[in-house]
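These notes open a run of structures that come right after.
In the two assemblies presented below, subunit A is common to both, partnered first by subunit B and then by subunit C.
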Partner chain A sequence: MRIVCPFCGERELGEFTYLGDAKPVRPEAGASEDEVFDYVYLRDNVAGQTSEYWYHGGGCRAWLKVTRNTLTHEISSVEPAAGAGATKVGA
Partner chain B sequence: MKYSIFSLARAALSGHKNWQRTWRDATPKDRYDVVIIGGGGHGLATAWFLASEYGIKNVAVLEKGWIGSGNAGRNTTIIRSNYGLPGNTGFYELSMKLWERMEQDLNYNAMVSQRGVINLYHSDAQRDAYARRGNTMRINGIDAELLDLAAVRKMIPFLNFDNARFPVQGGLLQRRGGTARHDAVVWGYAHAASALGVDIIQNCEVTGFVREANGKVTGVETSRGKIGAGKVGMAVAGSSSRVAAMAGLRLPIESHVLQAFVSEAIKPLIPGVMTFGAGHFYVSQSDKGGLVFGGDIDGYNSYAQRGNMPVMEDVCEGGMALMPMIGRVRLLRQWGGIMDMSMDGSPIIDKTPVDGLYLNAGWCYGGFKATPGSGFVFAHLLARDVPHEEAARFRLDRFRTGAMIDEKGQGAQPNLH
Partner chain C sequence: MVDFSWVPRSPLEKALVTGAHGARGIEAGVSLTEIRNFDLVQVMARRGKAAELAKAAKARFGVAAPNAPKAILASDATLICSGPDQFFVLSKGGKHTMPTLVPALSGPASLSDQSHARVLISISGARARTILAKLSSIDLHATAFPIGAAAATSMDHTSVTLWRGRDRPDGKAVFNLLVFATFAESLWHTMLDAAAEYGVDISHSEELG
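After this line comes the complex of A and B, so read on.
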């Protein structure tokens, strides 16, 4: 598996670190216990197309949002992750 | 059939042409008291204990492939009970005791070999942690010995003791640990369960649940038709989230790939099971002579049953750090299995919020050693509707209540366990 970093080009997997599913959104401060539980612990754990965060620690150190198929490891898109490292992305 | 030295002699005299099938290849009936989804070690063990221990014999085990095609045939065959946290300690020892009598119980040679498991330590802090774990084990009646450097040198003289970064200082040894023949474990359970009337149904994939208006599960839809069930138990290893989703459940689980490796066969070298505590590397030698080893999971969600290069490199580096001479041994095979990585690294054996549906999931790395214990306590839950006392902490709601069992102390992220 290789990831095409939008800043550095195609690089081998060892340069990247996986953070996890990009779908869960951190609840607001006043969120209920159920919402926090859901965010921290429950996962869709999709078999197929999924969107996830990867960190390019061995390269430009940007956070990336990667669309990948968990059944085949095929990557269909890589883009800078908005929010995480947004200022760097915009620069 | 019953295996004995006489049955072996009889078969040998007739040129090994008259061996019978060891289990019946059953066709599904309309209804069973209990349907187990998943014909791996855990599912088959559950069915056997339901029949032999709890007297429930109208049981079917549904396997989407063939027996031994899943994680049962994709592990590193290690058995041990060296756990330190309440919940784990008692459960894995229960499982260890069942391993010790498995071959007699099943009338099947599972090649259980108690050659010892040693976890090496490389720092004072790690020694203290292992001393504490060993003490916990001994308090609970489990064997454990803390070895110093001289004792390890005597036992495994070929290690790289002069490793500058991670010098071996000693190890925690469990002599009753060891390995078992993974295929024979599933074949043995299938053989023994089938003899008690359990239907083992292969090539039968579950595609949905049959439910009443109030939500209760009363059966399963499969690729071989609808099958009614009093209770349905899930024991599907890396596919728990997928099967649970058919019943509308989301689980605290991610599926990850763990790779394992086998070298070409060499003469007897490694006496038991060794783990390299400074990295993450574990190795044993199979009875055929191949070195069987593994390390970390690949670290990202996967259902692909194959791994990637960085972990392969990392595992081989761990092996080389410990035993530089294996650098000349060729790697023969490599494979990947898909596992439920739970949020605290520990299993879940519980009723689900869906009436009639029971869950056995979240085994992370540790499913093989748990096989008999898992089957025993899951059968107890299915038969009696209350958890077995040694599995009472493996609750599905422990993440909500905060009663997590985080053996590695890593926190709520599956790819760290």
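After this line comes the complex of A and C, so read on.
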């Protein structure tokens, strides 16, 4: 699998580290215990399109949000995660 | 009271033995040259200040700072992209050091002196691409990696900044590599092992390529 880093271009998988599911959104302060439990522990085991965080530690050290198909490993989009080189997003 | 000596020494001082290494009786296919005594400052844009930094850098260096994986040659410095919204300023002779760059760039950027934190190695010769291909997954073919192309990548699990400098007078491509000082000796030995079969010419220099 190769990932096209928006800053570096296409690089081999070895330069990247998988962080995890990019779907869960941190609950607001005051959220119920169930909501926090869901956010911390519960993950979908998706067969198909998923959204994941990857870290380009072997390259530009940017955090990336990758949309990937778990059945085919096809990557449909790679974008900087919020806060990572954010000035370049959409520029 | 212990007297300290603050004379800068190369992290490759022990590992680097000038002269011929590896295969003998053939013309050296690879030249490995450590460049010593350079000034290196890392410039990282503060959040949301990338456009302002670009303007300040243009005013300071006379050329636009890289906003893509490139090394830009200014008249007295090389600006090398090291990641999104950040670049290195590589120079010689005290022209671009912390005291001179901070007034110009510290508004929109954080600066960090890396002069003694990195080792700069120049790799050239007829087999330079061949040995780099053993260590790197980057396509270094002339069409894919022209003069001025740069990459933040890994070699032998070590973080490096690699860029292609001006060709040698004999037309051979020159690749420059910045590596963290503490990893330099290990990577140096790895490069020697990779290059030994082609014959290696080892030297050090005070001149930036």
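Everything that follows uses one rule, which is that the second predicted complex is superposed on the first by the 82 of 91 C-alpha atoms of A that agree within 3 Å, B and C clash if a C-alpha of one lies under 4 Å from a C-alpha of the other, contacts with A are read in each partner's own complex, and residues count from 1 in each chain.
As a working rule, contacts are C-beta pairs under 8 Å (C-beta built on N, C-alpha and C of every residue); 3 or more make two chains touch, one makes a residue touch a chain.
As the structure is a computational prediction, the values presented were derived from the model and not from experiment.
Enquirer: Please work out whether A:14 is in contact with subunit B alone, subunit C alone, both, or neither, and reply first, second, both or neither.
Expert: Touch partners of A:14: subunit B and subunit C.
Enquirer: When the two structures are overlaid on chain A, which partner does A:26 contact: first (subunit B), second (subunit C), both, or neither?
Expert: A:26 contacts neither subunit B nor subunit C.
Enquirer: First (subunit B), second (subunit C), both or neither: which does A:45 touch?
Expert: Only subunit B; A:45 stays clear of subunit C.
Enquirer: Touch check for A:80: first (subunit B), second (subunit C), both, or neither?
Expert: Only subunit C; A:80 stays clear of subunit B.
Enquirer: Just subunit B (first), just subunit C (second), both, or neither: which does A:58 touch?
Expert: second
Enquirer: Touching subunit B in one complex and subunit C in the other: list those residues of subunit A.
Expert: Correct list for subunit A: 12, 14.
Enquirer: Please name which positions on subunit A make contact with subunit B in the complex.
Expert: Residue positions touching the partner: 1, 12-14, 17-18, 20-21, 33, 37-38, 40-47, 50, 52, 70-73.
Enquirer: If we count contacts the way the header does, which residues on subunit B are in touch with subunit A in the complex?
Expert: 241-242, 245, 250-255, 299-304, 306, 308-310, 313, 343, 399-400, 412-413, 415
Enquirer: Within the complex, which stretch of subunit C touches subunit A?
Expert: Its residues touching subunit A are 45, 47-48, 50-51, 67-69, 82-85, 137, 151-154, 159.
Enquirer: If we count contacts the way the header does, which residues on subunit A are in touch with subunit C in the complex?
Expert: Residues in contact with subunit C: 7-9, 11-12, 14-15, 58-62, 80, 84-88.
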